[in-house]
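What follows is a group of structures, each given as structure tokens.
Same chain, two partners: subunit A is paired with subunit B first, then with subunit C.
On to the complex of A and B.
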């Protein structure tokens, strides 16, 4: 079971194969459309996302639920808190 | 004799024009019909938008009549595409006409979505089309000092270096007018750096520091308040301004969404190495219309067209073309007074040699002439 399944992601973005800053911009796009309390999960094969996404989540005042190494990709989960 | 093949190109901007002219040079007019659909009357060389507001160039030299830019043997249809029917290999035009194709190349570009940012219209300026560029020039003429905020509102946007190029020329312009010491320049950027590529960003950031340009990173614009004169990011930061120069949000064209070809943002999902749309081997997209992870720029359209024209010329003559497009681009960008740098990069390889030179500036300065006389014509 993945963390996003445990927490029940409201929205899953599969940005695998997209290069930086694509996955982060996809996350921001989803954030704009989400409601407060929604959980957003993004899959990425770009290592830059591991660094960029958490910084953005923190700066934007939202909650980083976790960063998970999956088979061949990473999963970053955030909760919209504002 | 083989039946004549129909190649239809949608869009008369850089991508559509270069593609048509390059393909025409590689194919026989008796065997391949090339038609371009577009509704512009004038073709504007957008990179000059960073020069025109400072009166460094006259806009009249950056504009040519669209219909004169196609090589002999290219049919130009002045019309607007309203629907693309990929399963039935047809496109519908606003005039009521329909076109069928053997190969379709979508080069419809992108559009500005001002409504995404409340308060943008009537308050923010930009230099991404000619009317707004001229308007910005007037605003700068009457600017007497204060706080200028400049940058892209979000990603993606056309010509990623253009905001920093404009900022360097703005700094130079204000020094020339003797009001730089009365002006703060604030540069905003959506990522946690000042450019998409880290090593280029590091280089630009140093130049910004040397010129006292203040940066605000992780700044994705949410709204503009014209009464209080401040711009706010979705990250919760607010910056006041006297003059706001903001690259508008970009989206794919509505016809792409209406035709059910759009992915996120209204852009077309194409194979990054073959440039074809999904599983279709007769539908391609190039230029700003795609979701490819590279710059939305004329340089990209140029390199994509080079690849695709070669590929289609082979296929139209019954041969197999097994080479891939690797995202290769060369792009010359201004870094200050009389200086520029040329960045060479691809999907997998970021720019390596990053240095400024006067020769690169000369290359940039003359690029409109090169563009209209050679690049658009498909001879380079």
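On to the complex of A and C.
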């Protein structure tokens, strides 16, 4: 089962081509604008983000839905729980 | 109250300024407030309408053309843009150094709008004293 079947993202951020800390900053920006319960997905081609974003998601007390390897990029999905 | 990170930017080369912007971004990502004190060549680069900075510090001098070409090709945002983004996301306060501003006759209105205030070293140190970490870049 793919992620899109499990859970539908409220907002998708395409940060492919952007470098650290770009994708994380875009994710945080979207998080600030989002409502509790929203699911935010970020596409990234940056390897730093693969490590940084999940750490930020957990540390900020939110839910890391998953990290998915896509073709040529990764998708990180979070749920705003607070 | 949020924890604070204090940064001291003195150099005016793109690599150092960019390191400052990136670390400031990391600070706001971690929910910290960031206080940046900018002096000397860093402050020169904070002058309003300063031309794009194409200088690297000594170790990177020979690679400058190559590095800037790669950054342009990969559309890496400049340090100012990155700092602006960090300011939008969290609390980042940029302070110009009063001593150097006085030396060059610079007023707040001569500096980029992202400079919040011109303060003296003692005020910065009093803030840094209360902060969680202080980095000289």
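Observations, loosely collected:
Keep this in mind: the second predicted complex is superposed on the first by the 77 of 82 C-alpha atoms of A that agree within 3 Å, B and C clash if a C-alpha of one lies under 4 Å from a C-alpha of the other, contacts with A are read in each partner's own complex, and residues count from 1 in each chain.
The criterion applied here is as follows: a residue touches a chain if its C-beta (ideal position, glycine included) is under 8 Å from a C-beta of that chain, and two chains touch if they have at least 3 such contacts.
Since the structure is predicted, the reported quantities are computational estimates derived from the model, not experimental observations.
In the superposition on chain A, A:25 makes contact with both subunit B and subunit C.
With both structures placed on the common chain, the touch criterion links A:60 to subunit B and to subunit C. One of subunit B and subunit C touches more residues of subunit A, and that partner is B. For the contact definition in use here, the residues of subunit A common to its subunit B contact set and its subunit C contact set are 18-22, 24-25, 28-29, 32, 52, 56, 59-60. Partner subunit B is touched in their complex by these residues of subunit A: 18-22, 24-26, 28-29, 31-32, 48, 52, 55-56, 59-61, 82.
Those residues of subunit A whose C-beta lies close enough to touch subunit C in the complex are 17-22, 24-25, 28-29, 32, 52, 56, 59-60. Subunit C contributes residues 22, 25-26, 28-31, 74-77, 82, 85-86, 88-89 to its touches with subunit A in the complex.
Across the complex, subunit B meets subunit A through its residues 154-156, 190-192, 196, 198, 218, 220, 234-236, 264-265, 293, 347.
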